[in-house]
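Okay, got some structures for you below.
What follows is a pair of complexes built around chain A, which joins chain B in one and chain C in the other.
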Partner chain A sequence: MYVTPARRAQKAVEAVIKGILIASSTVAILTTVGIVASLLFESLRFFGEVPLTDFLFGLEWSPQTAMRADQVGSSGSFGAIPLFAGTLLISAIALIIATPIGLFAAIYLAEYAHVSVRNWVKPILEILAGIPTVVYGFFAALVVAPWLRGGGESIGLDVSSESALAAGLVMGVMIIPLISSLSDDVINAVPQTMRDGSFGLGATKSETIRNVVLPAALPGIMGGLLLAASRAIGETMIVVMAAGLASNLTANPLQAVTTVTVQIVTLLTGDQEFDSAKTLAAFALGLMLFFTTLVLNVVALHIVKKYREQYE
Partner chain B sequence: MELAIHTDVSANARVNAQGLNSKPHKVTAEGVNVFYGNKQALNQVNLDIPSNMVTALIGPSGCGKSTFLRCLNRMNDVVDGCRVEGEICLDGENIYARGVDVVHLRARVGMVFQKPNPFPKSIYDNVAYGPRIHGLAKSRTDMDEIVMTSLEKAGLLDEVRDRLDAPGTGLSGGQQQRLCIARAIAVEPEVILMDEPCSALDPIATAKIEELIDELKENYTIIMVTHSMQQAARVSQKTAFFHLGELVEQGDTTDIFTKPVDERTKAYVTGRIG
Partner chain C sequence: MSDTLTHSERIEAGLTKRYRAEKRFRLYGIAAIAVAMAFLVIMLAAIGIRGIGAFQQTEVALTVVFDETHIKDNNWQAIVKESMRKKFPEVTSRSDKRLLTQLMSSGAGFNLQNMYRADPSLVGETRTVWLTASDDVDMLMKGAIDRASPQSERRVSDKEIVWIDSLIADGALELKFNTHFFTGGDSREPELAGIFGAFMGSIFSLAVCFLLSFPLGVMTAIYLEEFAPKNRWTDVIEVNINNLAAVPSIVFGLLGLAVFLNFFMLPRSAPLVGGMVLALMTLPTIIIASRAALRAVPPSIREAAWGMGASSVQTVLHHVLPLAMPGMLTGTIIGMAQALGESAPLLMIGMVAFIVDIPGSFTDPATALPVQIFLWADSPERAFTERTAAAIIVLLVFLVTMNLIAVVLRKKFERRW
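For the complex of A and B:
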């Protein structure tokens, strides 16, 4: 058989396919670059009107700017500290709830559960991950928050109707499947020979898990936790519905706090002038949020790498 | 501590009989059947293993020699769907009797695996792992002593003396395997099971391990699975040949290799099946 000129069509097809693939990845990259650039430029405009230090270190957030000269009660202060404090408070509550539950669930599923149990429980956990966040949001606002308020009153605590605790609890439930499924994968990836080595020395199951399996899986688990943390920080619907709108610098989980994402939503919904400091503040907040999660991811990678060097 | 709550009459009778023998049998297996689900992996295996000798288990892949080895410290317990029948006795006590503490059994019967599997810990902590679990050391000094002696016995001390805090996983393959042997010795077992301990190692590391096995038999009863007949011939005194789940032939290593009785053994040791 000899090569006919018609066979060149194959080359053309290869080139077209390659072109489509390159174009697809270019779209993804350009979108990212575009979003970051837009965030950056709009934030620069914002910082032209409000000093960077006021934004970063200001303790008061009240973004109402005067539309008419005679308007009152519009101080227009853009201190982001209360928002980040609120975000961190709620995320911390969520992680405190979700880390032990998610991790223990993962250990049970990976090490103890019989195959038949595992085949039931894993899909159910995955359903939990598939619930839309807006459902979690009204669950938090309509069920958990009143319940906490009622419970608090009966033991003499003053719980506000929208509290960091309610939002954090529900957000914790939301990220349990994330943590458990990532940890489960990592624990399963620990080689069986490692467990055999420990069993062979007469270690019990729990000794083996504590002393061998978990240390070996730690880098992956840390990675999963940090991923869950950045998910919690960026979460919007639950906090919009259950955390509150007024900025409040407090560490008390029973009070209402607001978060970065909630403020971005309230700044940009409704009729807005697009070039006022109020709307531009959303870009600055978005940039801060982006920067925070970026740093978190870099730190996560660093920790993972450090552990990996130690263990491999 | 008594290993078994229940020892039957025949086991006691065997202990008495052993008293008359010059070489007592450390481990005795009688009528051992092993099933994985419905598949039978071992069929009516009877094998007596003398103490302070190296016994090699040889045979083609899938013949059940590793399965048999893993019965001796009940490592098959962790395998789903695995069922063991028959009687395996350690010093005359049935290790499959009700009430036997598997943790204690595995402290007496240590194991070294095919692939070196040091824990993701320091060299020191790898060796200290077993003694810590079993509470063998009263103080830090005791533990240092145990770790040093075990590394010394495993022939690794000189190579790692100045880096005991370095991760065990950073050693070479042969060093890792000797670390695993040190880790097993640290619990002061009576029997050491080795499942193809050299199959992942280069010839020089293999030679070192073989030399070590030869020294260790002074103090321990060693049972090793090997795919290499040269290795079985070099290090073992007794050999048992398995084929398709059956124990075909057992005896002195020299006899198995020079004048095998069974046709299948002859075919295997001369390289015609395998």
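For the complex of A and C:
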């Protein structure tokens, strides 16, 4: 019959097509492998020069001195604790601002708002998520920071022009939509029967939300907060533009602190020799950043998934 | 006795309080939304107010003589200088003359050069031309430099203000639409700095990003959704893609630096490498959106195709893929919008250099629009702040347009099965 030879060609062609499809799906895997391999490789070179314990537990960060290899005291100090502390401080400020706003916005949109209001408000909040971070950085550095400085002066406070507060505040605004949309999803996933049961016992709407809906949605909300924390820790442009460059171990939000991402950028921009401890340090920081955010994401996705299964 | 109150009376007594709590709770929700929206409005307004001025630029009408000797020496600025002196013959002292020429941008000569290139017969002719004024004059015109402040505190002296006022009185100094902002490359002089170079850098990067990430993303989605067996390997790919979507963008920059630049020795600062890094970054977004689009195609379509004797590959390529395409394109446009706004990974691969020339190919050194914003935001000149905000406005206009196209596409091809 006329099918036979043609069929053989078709099989071969389709096998090739499938092969291409499989190959392209490995690109995502290769990307992860590439990230891990390149970060690990360069970090190992770094830890060959600077002991791991010095990096993880050292209290002083001043990579600048390492630039002149021939000078006395050229070793530089690569204690990353001030960077971790700075990152945590700014992320904490961001979460303190974004959590109540994002959560209450989600509760209102999911439980109270009329559909037409919801249809308008949700996309507007999503705009906040679509604005490039460099725009937030500009806003933080050139608008919010001077305001805070001026405001602080008028009440006698000394606010740094690169204060952690300015960067954290603006970063908080950036992650509001992340928290609100994730919380909105999990609140909507709480079955209506649970609310109806609570109403049947005479509870008001807010009592139902506080005592029934939120406890039921809590794991999902926590997962969302972890994702938001991971976004805040990895955020680069806002802190590069609005946070400080010099390391400063402090918990005072009015002072300038520096972060892991800021240091990666400052260590790697500009022409540099590629074998100095200074540039390699950026990869060690990148490795820390990658693993921290990876753990946060894996835990968060796991919690959210478990939570969804519970009510499905 | 206290138990004279009946049960229902006790409930009534608590009710007002509970209703008040209810109202308060509701208000918190409204307040939260109001605060978030207020932030958005304040941010956009603050940027709009700062940036709107940059779309205009102060220009001065000068009567210039295309002097042959100057043209031969390629000294175009001298022509500008002479015509300024002719306009103000009363200025004689050396330092005043210098001040006078400083009213004009150091790039004013380029305008004349361009005119001459377009029409070489201009030699020896006299023409009245509008030429770019310096950024200080521009800032004074826009009110950013306060005339009332003491002379020592402002960048424009009293003498200069007298000259500027006489030019205004002659109608020879005006704010005009700033075309150079849209056609020029970067410059150290704010009045000469434009976004076109960065814009072209963004276009080249996005082109590479699209050419890589769209086919790869769609093919990955097709494999995972239509062909992949449910086993451990596909689970690994899935988890991996979800995690890649949440990896900080700067880490992709480190990957690009270590692999593309140091290992494969690709050129630094090139849109080619920028596009490759952005492609890896947007890949998860496109894969996730494409899978959702494939899942939305009902199984009946596939079953009908199989029933007619089509193979799996034919079913997917001829029937499922065309139906899922609008959804995939929508996801891709949103991914491209993200890539357009991204700057952190580009900093890592050297797309932060000061580049005056407009990039003409994928391997020319370039910056991108958001990186240009980052660079200008760092410049101390007042006039650069204005341009930074204006560049942000342009960037946001592009992002809004891309997202609107995505929304329209989605609305147009939305189908209920």
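Keep in mind that, in the parts below, the second predicted complex is superposed on the first by the 264 of 312 C-alpha atoms of A that agree within 3 Å, B and C clash if a C-alpha of one lies under 4 Å from a C-alpha of the other, contacts with A are read in each partner's own complex, and residues count from 1 in each chain.
Here is the rule we use: contacts are C-beta pairs under 8 Å (C-beta built on N, C-alpha and C of every residue); 3 or more make two chains touch, one makes a residue touch a chain.
Just so we're clear, the structure is a prediction, and the values are computed from it rather than from any experiment.
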| item | value |
| --- | --- |
| Partner chain in contact with A:127 - chain B first, chain C second, else both or neither | second |
| Chain A residues touched by each partner, larger count belonging to chain B or chain C | C |
| Which of chain B and chain C A:152 touches, first, second, both or neither | neither |
| Touching partner for A:207 - first (chain B), second (chain C), both, neither | both |
| A:29 touches, of chain B and chain C: first, second, both or neither? | second |
| Which superposed partner A:58 touches (first chain B, second chain C, both, neither) | neither |
| Contacts of A:138 with chain B and chain C, given as first, second, both or neither | second |
| Overlap of the chain B and chain C footprints on chain A, listed as residue numbers | 204, 207 |
| Chain A to chain C touching residues, read off their complex | 10, 13-14, 17-18, 20-22, 24-29, 31-32, 34-35, 38-39, 41-42, 100-105, 107-109, 112, 121, 124-125, 127-128, 130-139, 141-143, 173, 176-177, 180, 204-207, 209-210, 227, 230-231, 233-237, 240-241, 261, 264-265, 268-269, 274, 282-283, 286, 289-290, 293-294, 297-298, 301 |
| Touching residues on chain C, where the partner in the complex is chain A | 18-19, 21-22, 24-26, 28-33, 35-37, 39-40, 43, 46-47, 50, 215-216, 219-220, 222-224, 227-228, 236-237, 240-244, 246-252, 254-255, 257-259, 262-263, 280, 283-284, 287, 311-313, 317, 337, 340-344, 347-348, 350, 352, 370-371, 373-374, 377-378, 385, 388-389, 392, 395-396, 399, 403 |
| Touch list for chain A against partner chain B, complex | 115, 191, 193-204, 207, 211-212, 215-216, 310-312 |
| Chain B - residues contacting chain A, complex | 73, 75, 78, 80, 102-107, 110-111, 113, 115, 117-121, 129-130, 133-134, 167, 169, 180, 183-184, 187 |
